[in-house]
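By letter and in written order, the chains are A, B and C; residue numbering begins at 1 in each of them.
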Amino acid sequence: MSRKHTAWWIVISLVVAVYALFPVLWIVSLSLKSPGDVANKRFWPTAIDWSNYELIFTGSAQDLFLPALVNSVGICLIATVIAVVLATLTAYAVARLDFPGKRLILTMALAVSIFPVISLVTPLFRIWSTIGLYDTWVGLIIPYLSLTLPISIWTLSAFFRQIPWELEQAAQVDGATSFQAFRKIIVPLAAPGVFTTAIIAFFIAWNDFVYGISLTSTSAARPVPAALSFFTGASQFEEPAGAISAAAIVVTVPVIIIVLLFQRQIVSGLTSGAVKG
Amino acid sequence: MSVIELQNIVKRYGDGYPAISDVSLSIAEGEFVILVGPSGSGKSTLLRMIVGLEDITEGDLLIDSERVNDSAPRERDLAMVFQNYALYPHMTVAENIAFPLILAKGQYSKEEIDERVSRAAELLELVDHLDRKPAHLSGGQRQRVAMGRAIVRDAKAFLFDEPLSNLDAKLRIQMRTEIARMQRNLAVTTVYVTHDQTEAMTLGDKVAVLKKGVLQQYASPQELYDEPVNLFVAGFIGSPPMNFLPVENRDGQLHSPFGAFSLPAAEREKLREAPRYLVAGIRPECFRDAATVDEEVRGSGAVLRAEVDVTEWLGNEVYAYLPFEAEPGIRKALEELDRDLDGEGTRTQVVAVLDPLTTVREGDAIDLWFDPAKVMVFDPETGENLTRDPENAKRLSEESEAARRRALERARAQQTEG
Amino acid sequence: MKAKVSNRQLGETRLGWMLSAPAVIILLAVTGYPILQAVYFSFFNYRMTDPDNRFVNWGQNYIVILTDPLWWQTVGVTLLLTVVTVAVELVLGFALALVMLNALRAVRPWVRTAILIPYGIITVVAAFSWKYAFDLGTGFVGTWLAMPEFDWFGDFWSSFLVICAAEIWKTTPFISLLLLSGLAQIPGDMLEAATVDGATWWQRMAKVIIPNMKAAIMVAVLFRTLDAFRVFDSVFVMTAGAQSTATVSFLTYNQSISQLQLGMGSALSVLLFLSVALICFIFIRIFKVDLAQARGE
C-alpha cells in the first residue's frame, strides 16, 4: 500500500464519518445553546449552556420528559423481551424441526413486517378505546410486538440455522443428557444470536413514533418520540428547539453506546436475516 | 473393551425403503472393524445406529451381550470421532477433551481429569494448543482434538465416522498410521467407517463391505482381496480396481476380446454348470509384459494380445491401458457395476500394472502374460464369484484371527507393564 | 412399522407448531384482527365523536376518497418521495458498501460504527435535527449558503428536498449493509478471472459484480421501497403536511386520529394496505424478487 493510497482512505473515511455524525453533532450543539443563542442561526453555540438539560430534568419540562423516558424504557424493554422469548421458540422450531407450515410462518412474519403500521393504528385506536387499553403500557406493548416479533423471528431463524446442531449429538455421545447437551452446548452457541436480536428489536421499538403518538394521550404511556412533539419553549414565544434537542440527545446516547459496544454483532444480525430498518 | 453384536439389523425411513437390510455381524473384543462401501451404502447409518443417534427399526444391537437398542447414547458408553470433528467452538482444546469426563459426574476427580487430559494431549501432540479455541487450529489439529475427546475416557469402544476425509492426502496417510498405532496400543474395540478401500485394507482386522444397505462380505482384508464373494466386492477392493473382461465359455476355454485362454482343471470343473457368457476378473497387478517373463515360466501361464492406448510411467511401475469392445448385454452389466462403485466412465478397458523394465510404448501391441489360476470368473446376472475357494477363504480368516490375537496379547502385556 | 415413523413425524409437527403457536397467535392478533376491523368499518359512516350516528354507507368512503384530487396528490407525493429516496439511497448505499468492503483494516470498524449511528438513531430525532438545521428561526444552513431569509419550509419543493435528505441520511446505512453482504459473497477469484480476461474496473462492476448481486440489490430495494412508501415520522415532524407534503400515511393519521373520522380513516387504512400489497406483488411478479433469498435460505 502506498502512502498516497493510505491518505486516500483516510480522506474517504473522514467523509463517511462527517456524513454519519454531522446531524448528531448539530443537535448536540443545539442542545447546548442558551435560550438566547438558539435562534442565532449558527452551527456552534457562543457559549456552552446546560439550561436545556436542566429544563427537561428539573425544570418546567420535566413533567413531560421524565415520565416519557420511563415509559419508553419500560415499554421497549418489555416488548423486546417478550418478542425475543417467543421468537426464540419459533426460530428453534423453524431451524431445527421439519414440519409442514414452517415456510408459512416465515412468510407470515415477513408479511407482518412490511405491514403499514398506520393501517393498524385506526382499528387499534378504536378497539383500545372500547376495551380500555388506550393510553396504557399494555396498549403500546401489544402493537410494539407487531414491530419486534417479525424481525426477531427472521433474525433468530437465520442465526439458528448456522448453529452446528450435530454438536448436540456429539455431546450426547460424550455422555450428556438431552438437557445437558442443550444447556452446555446449544445455549452458549445460541446466546450471541439471541442477544444481537434483542438489540435490533429494541432499536426498532425505541424508534416507534406512529403507535406512540396515536395510542396515547397523556404521560401515562406516552413514549419519548411522541413526547418530543409536545414540547414548548421556556416561554410561550420561545422556540422549544433547545429542550427538544436536549431530550433527543438523552435518548440517543444509549443508542450510540450500544452501537459502539456491539457494532460487529449488529451488522451480522442486520445482514443475516434482517429485512427492515 | 467390549464385544459388539449386530443381529439382523434393519433401518427403514418414512418411505418404507430399507436403508439397512438385515445386517448381522459380530465384533470381537479389541477388534478393529471397518464398514466400507460407496456413498448410499448405509455405512454411516449403521455406525450411528450403533452409537445410538439413529433408531433401530428391527433387529438387536448387543454390547457385551446386553441389548441396548433403546439406550440413550450416553448409556452406551461409546466414544465417537465425527467426520467434521464436532468440536465445541466455545470451549478450548483442553475443555473439549475434558468434556466427557466432566459429564461423568463424580466419576473423576479434578486432578484425575487434569491428568487424563494432559496425557491425551501428550499422546496427540496437542500440549502447546490446550488453551486455544478450535477455530484457531489447523485441520489436522482439530482431528487430533476429536480423537483426544474419544480416548480420554475408558469408553467401551471407539467409533470413527470417516475421520480422515477432510484432510489432505499427505496428512491423511500420517493420521491413518497414527490411528492404527493408537488402536493397537490401546487395544480398544473399534468400528471405523470409510468409503476409501485403501483405508479399509490398511486399518482393519476385518472389513464389512456394504452395498445399498446390504452386507456383501465380512472378512479379513486379504480374504476380500483373494476370495471376494461377488463382482461388487471384487471391484471395490484393490487399486487400481480389478479388470473385468467379457468372456464366452466354449470348448473348455474362455474367449475374451483379447484372445482365448484355459483355466486350471479345478476351476474349469466349477464352471461346468455356468452360463455361456461370463465375466472374467483379473487384477491389474497380475499381468506382466510377456517379453519380461522367463521362458520356462511363460509356458505355465496364458497370454492375451492387445494394443496399448495410453501408458503412465510412475517410476516403480508402468500402467498400460488397453481398450476393448464388449457385447451390449455384458456391457450393460459392467456399466451397472461401475455405477454401484461410484464410477463415472464405462469400464471398457483393461489396466495392466507392469514392471518398469517393459519397453512397451503407446500404440504398440503387447503380449500380456498372466497366471490363469489367479483369474476369477463371475456370473454376470447374479454377480456371484463362481471360482471362489471356500477352503482357502477359511484358511485366510483363521490366519488373520490368529495374528490379531497375538497382537492383542502383546498390547495387553505392554499395558500391564506400563 | 410405517405407523411408528409417521408418529415421529407427527410428533415433530406438533412440537413445531406448539413452539411457534404463541408468536403466530400474537402476529395474527396484532395485524390480522385489526385489518379485518378496518375493512369492516371502512363501509361505515362513523365518527368517533358521534357514535350513535353510525351507519353503513356501502363503499361511499372509497368513492369519496378515490374521486378526491387530494388523495391522488398524496399518492403522487408518496410515490415521488419513494422513488427519489430509494434511488439516491441505492447509489449512495452502494458507494458506502464499497468503502466498507475496501477500507483499510484499521479504519473498517470505525467506518462501520459511524454508519450504524444514523441507523440506530430515532427517526423523529433525525427529523428534528434536519428540521432545525434548515428552519428559518434556528437553521445554520441558510447562513452557510448565504441565503438567511430563505424559508425552506415555505414551498413544496424545498420542503420536499429537506424531507428526502433526512430520510436518505437515516436509511442509507441499512441499505448499504445489505449491499455489503451481497458484495462480500462475490468470490474473489471470479473478479481476478475478469481482471485476467482484461476487464476494466467499470466493466468488472457492470458485467460481474452487479449481475451477481442482483438478488441482494432487489431485496434491498423491495424492503426500502415498502418502508419509504409508509413514510410518516419525518413528514409529521418537519412540515405536518404543510405545503402539500402530506403522504398517504399522514393523511390516514389525520383522518382517524386527529379528526376521529373512523369510517373514512379505515377506508384510507385499507387503501394504504392494498397499495403496499400491490407494490410487493409487482416486485415479486414482475421483478421476480426471490423472497427465499431474503429469508436467508
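The criterion applied here is as follows: contacts are C-beta pairs under 8 Å (C-beta built on N, C-alpha and C of every residue); 3 or more make two chains touch, one makes a residue touch a chain.
Just so it is clear, the model here is predicted, and its values are computed rather than measured.
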Looking only at C-beta pair counts, which chain-chain interface has the most contacts? A-C
Considering only mean CA positions as chain centres, point out the chain farthest from chain A. B
For chain A and chain C, what's the span in angstrom between their mean Cα positions? 16
Distance from the mean Cα position of chain C to that of chain B, given in whole angstrom: 60
Residue numbers in chain C touching 2 or more other chains? 9
Chain A partner contacts - residues on chain C that touch it in the complex: 9, 12-13, 15-17, 19-20, 22-24, 26-31, 33-35, 37-38, 41, 48, 96, 99, 103-104, 107, 109-126, 128-130, 132-133, 135, 137-140, 142-144, 148, 169, 171, 173-174, 177-178, 180-181, 219, 223-224, 226-227, 229-230, 232-233, 236-237, 248-249, 252-253, 255-257, 262, 265-266, 268-270, 272-273, 276, 280, 291, 294-296
Chain B-touching residues of chain A, taken from the complex the two chains share: 164, 166-167, 169-178, 180, 184-185, 188-189
Please name which positions on chain B make contact with chain A in the complex. 51-53, 72-74, 77-80, 82, 84, 86, 88-90, 99-100, 103-104, 149, 153
Would you tell me which residues of chain A are touching chain C in their complex? 1, 6, 9-10, 12-13, 16-17, 19-21, 23-24, 26-27, 30, 38-39, 41-43, 86-87, 89-90, 92-94, 97-102, 105-110, 112, 114-127, 129, 142-143, 145-146, 149-150, 153-154, 157-158, 161, 203, 206-207, 209-210, 213-214, 224-225, 228-229, 239, 241, 244-245, 248, 251-252, 255-256, 258-260, 263-264, 266-267, 270-277
